[in-house]
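Here is the structure we will look at, set down as structure tokens.
Which chain is which? They are A, B, C, D and E, in the order written, and residues in each are numbered from 1.
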Amino acid sequence: MTDPILQAKGLVKRYGRVTALDHCDFELMPGEILAVIGDNGAGKSTLIKALSGAVIPDEGEVWLEGKRVNFQSPIDARENGIETVYQTLAMSPALSIADNMFMGRELRKPGFAGKFLRKLDRPAMEKFARQKLSDLGLMTIQNINQAVETLSGGQRQGVAVARAAAFGSKVIILDEPTAALGVKESRRVLELIQDVKSRGIPIILISHNMPHVFEVADRIHIHRLGRRLTVINPGDYSMSDAVAFMTGAKEPEREAA
Amino acid sequence: MANADNYEASTRGGSADALAEFDEHDRGLIGRIHHILHQTPAIVPLIVLVVAVVVFGLLNPNFWRVSTLSLIFQQIGIVGILGCAQAIVILTAGIDLSVGAMAVLSSVLMGQFAFRYGIPPTFAIVLGLACGAAMGAINGWLVSKMRIPPFIVTLGTWQIWLATNYIYSANETIRSQDIEAQAAALQFWGQRFQLFGAQVTYGVVLLIVLVLIMAYVLRHTAWGRHVYAVGDDPEAAELAGVNRNRMLIQVYALAGLFCALAGWVMIGRFGSVSPSASTGVLGNIQAITAVVIGGISLFGGRGTIIGMFLGALIVGVFEMGLRMAGADAQWTYLLIGILIIGAVAVDQWIRKVSA
Amino acid sequence: QDISACLITKTDTNPFFVKMKEGAQAKADELGIALKTFAGKVDGDNETQVAAIETCIADGASGILITASSTSAIVPVVEQARDAGILVIALDTPLEPIDAADATFATDNFLAGELIGKWAAAKLGDAAADARIAMLDLDISQPTVGVLRDQGFLQGFGIDLGDPNKWGDEDDDRIVGNDVTQGNQEGGRRAMENLLAQDPEINVVYTINEPAAAGAYEALKAMGRENDVLIVSVDGGCPGVQNIADGVIGATSQQYPLLMASLGIEAIHEFATTGEKPEPTEGKNFFDTGVALVTDEPADGVDSISVEEGMDLCWG
Amino acid sequence: MTDPILQAKGLVKRYGRVTALDHCDFELMPGEILAVIGDNGAGKSTLIKALSGAVIPDEGEVWLEGKRVNFQSPIDARENGIETVYQTLAMSPALSIADNMFMGRELRKPGFAGKFLRKLDRPAMEKFARQKLSDLGLMTIQNINQAVETLSGGQRQGVAVARAAAFGSKVIILDEPTAALGVKESRRVLELIQDVKSRGIPIILISHNMPHVFEVADRIHIHRLGRRLTVINPGDYSMSDAVAFMTGAKEPEREAA
Amino acid sequence: MANADNYEASTRGGSADALAEFDEHDRGLIGRIHHILHQTPAIVPLIVLVVAVVVFGLLNPNFWRVSTLSLIFQQIGIVGILGCAQAIVILTAGIDLSVGAMAVLSSVLMGQFAFRYGIPPTFAIVLGLACGAAMGAINGWLVSKMRIPPFIVTLGTWQIWLATNYIYSANETIRSQDIEAQAAALQFWGQRFQLFGAQVTYGVVLLIVLVLIMAYVLRHTAWGRHVYAVGDDPEAAELAGVNRNRMLIQVYALAGLFCALAGWVMIGRFGSVSPSASTGVLGNIQAITAVVIGGISLFGGRGTIIGMFLGALIVGVFEMGLRMAGADAQWTYLLIGILIIGAVAVDQWIRKVSA
């Protein structure tokens, strides 16, 4: 078996009286789609925040490609090639769709205006943004210069997913990317995930949608009460088993977790 | 997964992939005006401004003389530059109470560098500007790295710069005549040229150029967009890859530089270097007033620098107009208070109707 | 023809300037002059005064009466006004240099301070050698008027001034400390409390004006020390003089703002009709409107007038 | 056929260049569960906001129990018995779970303290809140006095749904109540919906989850491009048909809409 | 729907319905202290305060005298009451720049009612309080109904009340002796009694009682929770059934009432009624300072009134302590600037470590 590309050992994160991560382990293999499932409040989002530098764990280690890393901010993680869609979406409400998609990696005009006046190439950014949104089937966005705060819940999520996928890199993390999306748009996101995988980039997918998880995942990490309960192979277990494990209705046999 | 497909497959074909379109509905004249106002909210203060100019001109015809109008520009020169500093800080959801103090201290430093230590004027000015930027950077460092609320930081540094200013200068004014004789460069922005029969000072030109540059930077560069993003939702901006701390330090330092520039313009305008200039005490509230009347949100992330400029002009026009109409000082304050509220109320009302 | 004049005061919240404005207004009405009044926003506000002069120039006034907040910083714009053919008269506070204005109708603030200083020293007699003095000044930006009164008082009391252009640099042990009052009761009380906490033995209190003195008195009263402390002040407003009668203040130097203002308006009228400028008092480079020490307990070697006389002359 | 309890005719809402509602009609019958489905950005949320007073439509009329109503704010609607879970959840992030659940209808202590000192009965409110959350299966909330902003996405949604259901009244509107919920929690919400219906209260349910919609809905309002495309009976059509209608892949036969 | 059940059914049984529980981990002493600090952040300013008192006492032992400490309480009396007003407004994400002006105008109105029109003192006071509440209500109405940002509204009314104050009173002071003789009720809060050998004025008692009442109201009544909700997220509060407009008008009116109360206390403290009290100009910034040092967020919805009280005390202790340690006025001003930043920096640091 190859070495994991992204690994975490014994992560702990406490918020006052609340324990969000309780000595949690984690492994992502190269090129795979790893689904993370678990109850609400199980600590899934906290786990991926700890992996992507948005939260600094109280204890535990994170390893990327066999090297110990210590991300102090999401920017660190991004520079190491980890791209994330957070559950809260991380968008600036008053800015436009294109502004948000290119935040931190804006395109500049070619030639003098771009080089010396550092002028943004708005037409190019808008065209790119429109293209990515159409790829996701978000056809109801009438005005690409709309402020993000005026978008519907699903449109907003679509923009965030489009951003992460467009700038694909070493690892892509998606925290419930289809929660607010419609049937068509969800479908397109799943296709997009497959597409990214075929480019060889591994993906972490958090989702409560079991059919989707079982459709795309190579392995499923089941999270319960702040720690990894077990990792299963979607071929070996049924959805019912997975749900029973994650809610605590059934206990998995002890395996090397 | 098989069951998923049996309905999810039906999302292709037909008009599913066509972009949504609606007929543009007919608005009528009023509707169209509302629509224009709503699309470009910066027009609203412009209208307030034009109305004010017309009314004051009717009250006292002297008001319409080109010289009076050019005087208004001169009078808002300093507040306008401080307003540029304040505007970028407020766009990041901060506030800078120390702008006026930084301006006065910088002007005192320029003057003292030239007179106390005999540093050549141009060099003294450069040093003064650098000190301004450094003061701003200290504000920025305290806000970003130490995570102290901007209000507290700049409340503290306001007092610190102001007291430093009094102590360091020993409350001594450097007289205009001396500056003219020995360090004329300090008075550079006070020089004037003729335009349409009115005197225009270089300081006014500087203000207008600065506003235009900042409007461009905020609108058309990545840095400008990051300023908005940081103010809009700092956490989101950080998660999306904006280096919040670096942005804040840069913004506050730039604000400090603008303040030092305002300090230099002050020397040009008043001739002398005076540590007790009331800009040190009142500059912040004046700049904030211009910013807020200009429609920039104190919660950050919304508004334009052009709005700030118009806000400063509105206040300048009201003050001059009321003075020329013969209102005495307390009545002027009272009426300006009413007019400030009134101007913004009109603005709100137009936006509401058209929304 | 239409004559118009401008009156620009330091602030318009201090009763002193309110009276000055009343004096000017009365005279202007009498002579048929259109008067516009302006004021700084805070003590030491030079910027607003500059804007006011500019307004007067733009508006074509014949004359400007100004009590300058910053005596040297105002000079360039005063020159502009004079170049535009406007008569500029400094009221209350001379400009620096004094001939920057066409004329100056002023009280000598340094002399006003000196009078109360001398009086206090004479009252204490030998005890003056180990007096404990509290200095209640105007503002930390040290506006000129505050410095002049403060330094005058110290001179009169017989204390070495150090730099006469600033307060707080004296090293005489008798001075407990300086604190600032903004020239009102509130500041006066707080400053007095602070200095008393530093040294409860204070027995001489200099105050920048009478409201500050009234505030200081409240603080002393709260400590039960109101009867064994000498409070001296400057201004001579009616409530202040009344406070002398009530024993709140020991002595005050009285000034005559109404007189200054009405003389100023007359001078502008004269200038506008005949083109003649007013002359300074003989032997001085300004027209001295006078200052008098008001007290009910005259001291040897210091000229003073009684409270009754003071009440007659006070600006009410 | 009976008269609709809640009805809208020709609603129009424009936001600048964007048309969110385009002469939309709507009917809710007494005692039924009406599902509203549609693409992201179709205008579903805007529709229910117009019904509940959160948005004032540019044109059109709303009728409640046969009377024309003109809600100026959500409070008006609430006083008329319409309880809503908005997609944005409408919670005060810094306040606790109990504070949020009882916002605007707080319980006061019995006796003097409550009557004259107007003291809140915190223990009672906390107990009630804990109970309602447990009913929904939200067992991972460790501290009932936690600020809402510290809850996971799903926990937050659970609190909002619990609030609306607990204070059930004339009409309950749920805008994507299960989007962020886990498998177990979603299940419980569906049970809750059935339960509310059995109390005779009609429900409007917006959801992108077709199996759920077809499981509970009595009728399905299909929304497309700001207007009602058609209303179908879940028994008469398959999920595929519904999805095809709502995405525009197929056109329904014209019926009396 | 059949397919849904085949996995969704497995959500019952086992430990699925048990409440989550974790072992309380061992924290050690430091950890436990951090934990306590984190749970009750209001303790942090208290620590700053205690440290300041100890240090200043070491610098000058007179500082520890009961009389000095009681003096500090008297000095913060007015700022503290204005701080209560400011705190509730800031909790709604507003700001009230007019608090000082309302206080001064109310005190002038009380005085003039009694002296100019000969209204009986008690009645004059009630009228004055009513005027204060009315002024506040005007602020609230403009903020809520007209949707004008609070900063603009109160910037305008600040100037309006202050100018009205000067114009109406013609800058005339009513002397302490006259009040004592004819309307002693106006000076009620200046009366004092002995406690542990120190003089305590009724005004100080009022402040403490007011702070306790407001702490209770904000924490334990529905109204108080609604204040927080409106400040936290106004739209969410409105959607959740809080009448935002009514709340805002009530909060601003109550703030106005508190300001009038502060005006009454001012008469007690200064003896006289003076329209030029510096509270009119500086009261707002002082009150905001107390509020912000006390840890209330300017963005609304977070913080406690007890924090505000401690914030006011910290400033009072610093001012008195520095003066007693012998710093002169300008240096005191400078050092207070540093200390304000320092105090909040310590606070931030402790919170960060303990989080």
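The rule is short, and it goes like this: contacts are C-beta pairs under 8 Å (C-beta built on N, C-alpha and C of every residue); 3 or more make two chains touch, one makes a residue touch a chain.
Small disclaimer: the values here were computed from a predicted structure and weren't measured.
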(request) Return the chains common to the contact lists of chain A and chain D. (result) B, E
(request) List every chain that touches both chain B and chain D. (result) A, E
(message) Of the chain pairs A-E and A-B, which one is connected by the greater count of C-beta contacts?
(response) A-B
(message) Using only Cα atoms to place each chain's centre, name the chain farthest from chain E.
(response) A
(request) Could you please state the distance in Å, as a whole number, between where the Cα atoms of chain B are centred and where those of chain E are centred? (result) 30
(message) I'd like the Å distance between the centres of chain B and chain C, where a centre is the mean of that chain's Cα atoms.
(response) 37
(request) Starting from the mean Cα coordinates of chain C and chain D, work out the distance between those two points in Å. (result) 71
(request) For chain C, jot down the residues that touch at least 2 other chains. (result) 12, 42, 140
(message) Please output the residue numbers of chain D that touch at least 2 other chains, ranges allowed.
(response) 15-16, 19, 41, 88, 139-142, 183-184, 186, 210, 225, 243, 247
(message) Give the residues of chain E touching no fewer than two other chains, as numbers and ranges.
(response) 3, 7-8, 11, 16, 18, 20, 22, 166, 330, 333
(request) Return all touching chain pairs. (result) A-B, A-D, A-E, B-C, B-D, B-E, C-E, D-E
(message) For the complex, give me every residue of chain C touching chain E.
(response) 12-15, 18, 42, 137, 140, 168, 177-180, 182-187, 189-190, 193-195, 197-198, 211, 214-215, 217-218, 221-222, 239, 242-243, 246, 248
(request) Using the touch definition up top, name the residues of chain A that touch chain E in the complex. (result) 14, 16, 19, 22, 41, 210, 225-226, 238-244, 247-251
(request) Can you check the complex and tell me which residues of chain E touch chain D? (result) 1, 3-4, 7-8, 11, 16-22, 216, 220-223, 225-226, 228-229, 232-233, 235-243, 301-302
(request) In the complex, go through chain D and note every residue touching chain A. (result) 15-19, 38-42, 44-45, 87-88, 138-143, 146, 150-155, 158, 176, 179-186, 208, 210, 225, 243, 246-247
(message) Show me the residue ranges of chain D that touch chain E in the complex, using the header's touch definition.
(response) 54, 73-75, 78, 84, 86, 88-95, 99-100, 103-106, 108, 117-120, 122, 134, 137, 139-142, 183-184, 186-187, 211-212, 214-215
